[in-house]
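Labels run A, B, C, D, E and F following the written order; every chain starts at residue 1.
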Amino acid sequence: MHFLTRTFSFSSSHQLWNPELSDEENEKVFGLCTNVHGHNYRLEVTVQGTIDPANGFFCNVLELRDIVKTLIADPCEHRFLNDLPLFKGIITTMENLSQVIWQTIEGPLAERNMELHEVLLAETDENIVRLRKSL
Amino acid sequence: MHFLTRTFSFSSSHQLWNPELSDEENEKVFGLCTNVHGHNYRLEVTVQGTIDPANGFFCNVLELRDIVKTLIADPCEHRFLNDLPLFKGIITTMENLSQVIWQTIEGPLAERNMELHEVLLAETDENIVRLRKSL
Amino acid sequence: MHFLTRTFSFSSSHQLWNPELSDEENEKVFGLCTNVHGHNYRLEVTVQGTIDPANGFFCNVLELRDIVKTLIADPCEHRFLNDLPLFKGIITTMENLSQVIWQTIEGPLAERNMELHEVLLAETDENIVRLRKSL
Amino acid sequence: MHFLTRTFSFSSSHQLWNPELSDEENEKVFGLCTNVHGHNYRLEVTVQGTIDPANGFFCNVLELRDIVKTLIADPCEHRFLNDLPLFKGIITTMENLSQVIWQTIEGPLAERNMELHEVLLAETDENIVRLRKSL
Amino acid sequence: MHFLTRTFSFSSSHQLWNPELSDEENEKVFGLCTNVHGHNYRLEVTVQGTIDPANGFFCNVLELRDIVKTLIADPCEHRFLNDLPLFKGIITTMENLSQVIWQTIEGPLAERNMELHEVLLAETDENIVRLRKSL
Amino acid sequence: MHFLTRTFSFSSSHQLWNPELSDEENEKVFGLCTNVHGHNYRLEVTVQGTIDPANGFFCNVLELRDIVKTLIADPCEHRFLNDLPLFKGIITTMENLSQVIWQTIEGPLAERNMELHEVLLAETDENIVRLRKSL
């Protein structure tokens, strides 16, 4: 199996807050993360494919870049993630963010014959979430 | 499938030595590694889970951190690994260390509903061992 | 000359905004940075000294760590920098932040016989500011 | 399952060019990559195995290193990849390079009881290709 | 003193060759580097300045970026450096490249009130050249 | 001014211990560092020079590499630093190690017309010591 990974980054702010909980409960569950803080997020998108003998690529890396940049990296760059329509109604944990990212890019990638295999989202080098298709 | 990875590090010393072999045999099998030397070990622990809608986490990253810190990272920090009760009776290769780490944290993680998926242990950026559950 | 550098990091949000300018002017000068966004800031503090033969250190690295952690890294961690008393009344550019950091830690370091030599503050690996004492 | 990864690097030049296409078509498909340019390639080879109780290794990391160094890293170091016999007749995309690397080292590794699991080839930290055996 | 550093990168090929020497002499002086090979070059440009109270910057980082991108990073990206008009007549060692880069950007930066302090050019993380103004 | 930096690494063990102090005093001054532990040390050696027009180098990087490798990196690799003749009689802090490294390589580099400018020694990315010649 062949996989192609491309890395993106964006510098954004967010806060963890569940509007259905009281202030005290939010504080208890999310601690310091209830404050508006920020990260240089690293996003790695991996697609699966087969090599096209005409050009030696198994997907057009430029199309992959454009789709993720247009739908995710550019809208998130220098923004407060909680305010974005993209993440409306979710708590902006890495787990939820990566799930929305998956749902947002899976279709457009498929239209260009790229099968999404993994979305990796890292707030720091120490905290990493991966959403992966089971093989 | 969702995976959460958290990275730890500890600066420890070790030596490779099989007490059942002669000095010459140890030298032949392990070479320079028979000397007491050291590394800034990098440990990446990955657990598998499903998202809890109440908080957007699929595991409590703080509990993951506490378990691995208490059972592995703290006891190894600034120690000679060959002398630790944790690694008693094994040759302290990355392969054996990662296996003991797996056996040590798998249960406590499971008690907190975290299913261990991968233990990655790296002596340097060039030498990496991964122990992974087959899916 | 001997120098000791210790690295710190904190994940914070900020926005660039000059209250004396109109919205349009702020937009023109600061662009996307007028939005609340965030970074994993990297802070490197370098002090200058001479070796103490009694212990082979030229400063107590633990005291250096405690001073910078207590006065800067902890108060900034998971906060909106524009709201902190520490940065009251300044535009939170890297240049201004590093200047305030210098002024905040120089005295406490001097009391412990550590002469501050450089404050490096990086928003990302691509954007770095250094404030350095001329030798 | 146990995996061992070892990292290699080589500084090489290449260009993307399909001799069956016209100059205009090459330009259109490969753009700037038609020029002779270069990279510090990073190659990560991962093998799968079981631990040998006699030494705590599941493969001899030195044999792994020698095989990949002799067959791939040394012949590629400081060379124009398009001119190497190793890559004769292929377009030197990461996808094709990683496939040839797989075919070249799989047999020699197997002779030493190492089962090849993954070949990762990165031109930069942003562009990564993985060729992986399905489990 | 305040310094601002901005990092750039470009993936280029080059070869070390002195046309005034014989093939044997070139081989003897430059060894493997006589072959056309390549790197992901890292370029760090540092300017010196004083803070403008109106915006908290001591130089306009966007102008710094545009000057270095237009004059250096873009022309070098995906090119054979020995063929570029920019480096005509020089042996493309890091030392010579950094000197030409300094001479090329010093004037345009000065016109925008940025005083060039250091040019750092790295072929790899192991080989780094710095050209620095004496203070 | 031109500077050339070359990076080396070695995986070694050490412990901080002053034989003139009691066990309790050692414990108090050095804490956990009294235990035999280890690091992947990073050593960056920077020399100063002027460009030789015959080859575009201002020093022969291969001679720099050989001197530091032979005198420092190879003898330290996979060793207990406290036991090495090189560091006899010193407490193996980064400060003392870097001073001995400076004294050991300064002469041999000078014989080859390389003027030593800086020795940087890092136990981890967070703890860095620099010994620098005043200009």
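Remarks
Convention: a residue touches a chain if its C-beta (ideal position, glycine included) is under 8 Å from a C-beta of that chain, and two chains touch if they have at least 3 such contacts.
Remember, it's a predicted structure, so these values are computed and weren't measured experimentally.
Within the contact network of the assembly, the step distance from subunit B to subunit D comes to 1. The chains that touch both subunit C and subunit E are F.
Of the chain pairs listed in C-E, B-F or A-C, the one whose interface repeats that of B-D (more than half of its contact pairs identical by residue number) is C-E.
Counting the residue numbers that touch the partner chain, subunit A and subunit B have less than half of them in common.
Of all chains, the one whose Cα centroid sits at the greatest distance from that of subunit A is F. A rotation of 180 degrees, rounded to a multiple of 5, brings the CA atoms of subunit C into register with those of subunit D. Distance between chain centres (mean CA atoms), subunit C to subunit F: 28 Å.
Chain centres here are Cα means. That of subunit A falls 34 Å from that of subunit E. Note on chain placement: the centre of subunit B and the centre of subunit E lie 42 Å apart, centres being C-alpha means. Across the assembly, subunit B contributes residues 135 that each touch 2 or more other chains. Interface note: chains touch in the pairs A-B, A-C, A-D, B-D, B-F, C-E, C-F, D-E, E-F. If you check the complex, the residues on subunit F that touch subunit C are 16, 18, 29-30, 90-96, 98-99, 125-135. Remark: subunit F residues 1-7, 46, 51, 54-58, 61, 135 touch subunit E in the complex. By the touch criterion stated above, subunit A contacts subunit C in their complex at residues 9, 11-14, 32-33, 35-40, 77-80, 123-124.
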